[in-house]
Amino acid sequence: MFYHDKQLQYTVRVDTPSPVFAKMLQQAIGGVEGEIRVCLQYLFQSFGARGPAKYRDMLMETGTEEIGHIQMLATAVAMNLEGAPNFLKEAMAKADPMLAATLGGMDPRQYLSAGMAALPADSNGVPFDASHVYASGNLAADMYSNVAAEATGRALACRLFEMTDDPGMKDMLRFLIARDTMHQQQWLAVIEELGGHPGSLPIPNSFPQDEELTEYSYDFFATGIEGVDPPAGRYTEGPSLDG
Amino acid sequence: MFYHDKQLQYTVRVDTPSPVFAKMLQQAIGGVEGEIRVCLQYLFQSFGARGPAKYRDMLMETGTEEIGHIQMLATAVAMNLEGAPNFLKEAMAKADPMLAATLGGMDPRQYLSAGMAALPADSNGVPFDASHVYASGNLAADMYSNVAAEATGRALACRLFEMTDDPGMKDMLRFLIARDTMHQQQWLAVIEELGGHPGSLPIPNSFPQDEELTEYSYDFFATGIEGVDPPAGRYTEGPSLDG
Amino acid sequence: MFYHDKQLQYTVRVDTPSPVFAKMLQQAIGGVEGEIRVCLQYLFQSFGARGPAKYRDMLMETGTEEIGHIQMLATAVAMNLEGAPNFLKEAMAKADPMLAATLGGMDPRQYLSAGMAALPADSNGVPFDASHVYASGNLAADMYSNVAAEATGRALACRLFEMTDDPGMKDMLRFLIARDTMHQQQWLAVIEELGGHPGSLPIPNSFPQDEELTEYSYDFFATGIEGVDPPAGRYTEGPSLDG
Amino acid sequence: MFYHDKQLQYTVRVDTPSPVFAKMLQQAIGGVEGEIRVCLQYLFQSFGARGPAKYRDMLMETGTEEIGHIQMLATAVAMNLEGAPNFLKEAMAKADPMLAATLGGMDPRQYLSAGMAALPADSNGVPFDASHVYASGNLAADMYSNVAAEATGRALACRLFEMTDDPGMKDMLRFLIARDTMHQQQWLAVIEELGGHPGSLPIPNSFPQDEELTEYSYDFFATGIEGVDPPAGRYTEGPSLDG
Amino acid sequence: MFYHDKQLQYTVRVDTPSPVFAKMLQQAIGGVEGEIRVCLQYLFQSFGARGPAKYRDMLMETGTEEIGHIQMLATAVAMNLEGAPNFLKEAMAKADPMLAATLGGMDPRQYLSAGMAALPADSNGVPFDASHVYASGNLAADMYSNVAAEATGRALACRLFEMTDDPGMKDMLRFLIARDTMHQQQWLAVIEELGGHPGSLPIPNSFPQDEELTEYSYDFFATGIEGVDPPAGRYTEGPSLDG
Amino acid sequence: MFYHDKQLQYTVRVDTPSPVFAKMLQQAIGGVEGEIRVCLQYLFQSFGARGPAKYRDMLMETGTEEIGHIQMLATAVAMNLEGAPNFLKEAMAKADPMLAATLGGMDPRQYLSAGMAALPADSNGVPFDASHVYASGNLAADMYSNVAAEATGRALACRLFEMTDDPGMKDMLRFLIARDTMHQQQWLAVIEELGGHPGSLPIPNSFPQDEELTEYSYDFFATGIEGVDPPAGRYTEGPSLDG
């Protein structure tokens, strides 16, 4: 069961509202790398967990944290849209290039559909689609899905950080970037607990090896023709990672 | 910010696991009438609220409750899938009509993608799409969106109730149906606080009436030809609802 | 069976074409609050109606009217795009901020995919998705879904009205806003015919009350911790709405 | 503007209701080859037409006809679901393979979401997505999109015909198949009016030929290696179709 | 099985990077008229072909060619985004209308999600949806679906050509337009091999004519009222196209 | 540029066609864990690569291999549908529970839309949606997205293996499972080349550490109340993984 209090997990402050940045922030809410995705992903992994209670519980801890990240970002969007309706009317009416330009950089649905608030959609207005909630029932597979989500999520947050000069927004992103750093390590720590590469690969490792055509399991297949050499690397030489 | 404990809001118990019912329950999780939808809808209405704090806070209270409904239903799905993998193997292998029939009534992705757990999708496996999160920034419009969600949601829960004979499942649904009863009244009570029909209609009531072509605002337009009479009713006669 | 004539339901006139407004208007065509949605919603409610013929017929009347609203808005989009191809070429070629700004505010697919015409998509170019057609088979639930559609639809139309200074567009919106006013009352009038709150709640009211856990049906559940008081209101006190 | 009467375009009759066939019919309503698609496609092509009024008007004629096809099929679905709720309860409760099998062949949302009625979705329950409405603003391109829609639509109707033994359903499909035959020819007749292949190819034929790299315009490119010969045919030899 | 080399099918060169054009090009990659669609469409038609090997093989030839068109366009997008990150930072920071305008014309996800690269999405950022892969198992129907795809695809490419002044981009489009010219004729040549209209219509022509209600197969149905005459044309007079 | 030959990468053989298994196989074609996804993911990562040519080239090698996996699985679907049309007619007509049960386990669109062939959709008929193509422009993030894809993909293939007794299908899956084993290690080998955890974490590692609020970067946040202890593990103790 779930509860809330009246706090945000970390202060959200906008010094200079920017409706263009309000559109960009949508990616971190409803984008495939965003907070709705990780929130539902961790919660569904927890709800469906059939393995050790420890991981089920840890997933619930962090899934619950992520609800608060959606809240922080939605709050940030609303703050960046402060004053936008008046702005919109002016932008449509006046032949002022700066206003018109800003209008072009806005998400029209933040006004038309939401009355100046965040949408559960990405920065192009594409609604969040829950097929991105990866919860496979295999712990190692799920941990790598989670690392992937936090890695693309942190890349996104860093790019948002580079796009704004607003001190308040930069501060909020510094916090969210730090949480992504933590979460990347948290999921990789589970892989380590499972024994690292030797203990977890191949995923799933419950499949009987004698059923697999292992002569194809350690071979890089080149598909290039006419003098295209397969690029050499750790994947073409050395011992296999799973021992 | 959000928290959790280790309880479900109400006991979830399955007496006889039914993978067919596990598929049906998906509609109440990820369907357009389901719990993910109301959860995100109330939370986004709260996150974006610019009006009285009272309604923002109330939406947060109930949005948080709904997370727990997702949890209950996801738990119910997992319980209904207990033993399903063995079942699946038998169903594929043996020419037993009863097994084959059950296989036909299952959601293959509950096994193939989720390892016998719930998906954030509907009973046909269509993933939840967050464009169903209606949060318009207009309080009265949002309340009617919420009534609509709880009315279709309760209709769904009642239909699920009729489809199962499992005492545990029936008991869980009795509880969820009761919560839908409450939530329908909760949102309609806000309309009453706004002054009922006279106080809230037309929605939004901030639009200046002299800008509206009011000669078209109280007229039923018939589109039938060749002797099709418009059906008479409260909408074709009597005083208008908004006074 | 359906018919048409060569008239629009109301004059559509654009004094100064605006490709930026052509993009905004898309929300009223293919958005979740738009005319394709209400059109299909009322028609499917009518097609599937198993109750009194009167409501089936009324839904057909208004569903048919809504096809004409799609037509009006699609016509308005095409008129707002008049001259746009030449404009586009100039905007791409010249370093003129006003042209470039307008380009940024346009929907590229209105040109690239439709040759300067309307799309069945919203103002972000997201195609209409018919899962928004709510037709539950329960009359009261459907009426509330319809009120919700017309309430968010009228909020949208009012916001579009505020964004344009074009007298022709304002006139068209004055008409559409009036029709939304009518339709909101039309669906609420059905609820009144059903006996208002006492006669319709809870929805559906065919579910046997002794099967419901009614001790949970009239209780506001607080999910706040650490001094978060549930906000008091009509929903926490007074007699229940369903009597 | 649009109108309706109380008739169906052609009688719809079901002799023996089949909930399994009710699911199959969904493909003809909300599938990519279905009636919602052609209806909206012809209407949007008409709404956006900038060429000769003749084709704009013809598209409106047939677009309006197609609304009636949606109506016929939705009616057929409802008739095939007659008695289904009782059936569902029995199917869930009794260990009767025939009932269970039928349950597996049903669309659960026709009951859970629609109360035994048609949905604007395909036979897998995937909602209709209006990106399938092809209306390019180029007449010849649109005519070929329409032929493609009616060709896949008639293939679908013929396959549905083969799947049912119900005399009423067969009769309805005989009619719809005939209308598809007509519509295929109707769109191809426009190509003939445009001058057939020489008069319409390449599409669009307004693009200046000296801007095209015509040395690549009449060449079949083979991508096979290791002795894969490109298959010879009319496309590798003979005069080009556009003269 | 598939192979590649290190060449593009035709040179891709951008003289002056334009992030606005990078957004427009997305329509040709992931739009419904784009290269991912035709690539998968021809490949799936080939994979599923049950008729003459000749057409199965030809479809494979051209399906493979189209992978290279995705590659060319994705390369073009990346080139048009050269330098964009620095540009973005400046655009957000400075009150320069030209920069702000360009920002408004960009696809934010090309940076936020892809780090300045192409997405498998359209020019509004809507991801490609594989329901647009028409592969019906009927050769004539598929050929018309292919003509429709190449006709709308060439219309799109010509519109993109008109929007750019970049010599490199114009050159690439000249090539792609030429390939579309070829492919339109290639699919129509198959229709000719099948015997043209008499040999292929109605599609499918395997359905027994005595099962069809042929009295409705050659009739234009008018749906206009109040003096709307059906527009006369080749489709209302003359011999039917199928002989 | 791309090429093909007439071979499959590995033999595909079906001993006893099963239309139910044909539906299951769809998940491996068009599911989120399927081959279309990895194919497009690796190709788009390669097309957009701005880093070392070595990884761009390797991604192209394997992206090309994956096209062949789509081909193998689509071939397997078609083989499993051999004889299905006759079967369908019988299943609809006769009251034979075994036939009816099989019908319930089939994907109707494999027949209705594709004429007994594979669709680019998942096992519930939901079309592939290219938003699952993760290509972030950050090499380490992309490698983890690839590991996640191959881990969930191999879990899926192992589950399909368990569901079939067909020797041909088992043999094909043995091969595909082996390739997934290889690909998991291939992407993890790149992480190793980047220096393992210390060399790659946090992702992206280009973000200046002094901009991050590192006091939150190594802390497990507990969100449980009322005696919910955060579960201890490698993520709550020991040195951080990034050194």
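Per-chain numbering from 1; labels A, B, C, D, E and F assigned in written order.
Here, a contact is a pair of C-beta atoms (placed from the backbone, for glycine too) under 8 Å apart; a residue touches a chain by one contact, two chains touch by 3 or more.
All of these numbers come straight from a predicted model, not from anything done at the bench.
Listed here as common contacts of chain B and chain E: A, C, D, F.
For the pairs E-F and A-F, the larger set of C-beta contacts lies at A-F. Between the Cα centres of chain D and chain E there is a gap of 19 Å. Distance from the chain C centre to the chain E centre is 31 Å, each centre being the mean of its Cα atoms.
Averaging C-alpha coordinates per chain places the centre of chain A 38 Å away from that of chain D. Counting partner chains per residue, chain E shows two or more touched chains at residues 2-6, 9, 32-33, 57, 60-61, 64-65, 97-98, 100-101, 103-105, 113, 115, 121, 124-127, 129, 131, 136-138, 152, 155, 223-225, 228.
Viewed as a contact network, the protein chains fit none of the simple shapes, being neither a path, a ring, a star nor fully connected. Chain pairs that touch one another, listed by label: A-B, A-C, A-E, A-F, B-C, B-D, B-F, C-D, C-E, D-E, D-F, E-F.
The touching residues of chain B, counted against chain A in their complex, run 1-9, 30, 36, 40, 43-44, 47-48, 50, 57, 60-61, 64-65, 67-68, 70-71, 74-75, 78, 113-121, 127-131, 133, 135-138.
Here chain B touches chain C in the complex through residues 3, 9, 32-33, 53-55, 57-58, 60-62, 64-65, 126, 129, 131-132, 134, 136-138, 140-141, 144-145, 147-148, 150-152, 154-155, 158, 161, 170, 174-175, 177-182, 184-186, 188-190, 192-193, 197, 201-204, 206-207, 211-225, 228, 230-235, 238, 240-242, going by the rule given at the top. Contact residues on chain C toward chain A in their complex (touch as defined above): 18, 20-21, 23-24, 27, 31-33, 97-98, 100-106, 122-126, 152, 155-156, 159-160, 162-165, 223-228. By the touch criterion given at the top, residues 2-6, 85, 88-89, 92-93, 95, 97-98, 100-101, 103-105, 107-109, 111-113, 115, 121, 124-127 of chain E touch chain A in their complex.
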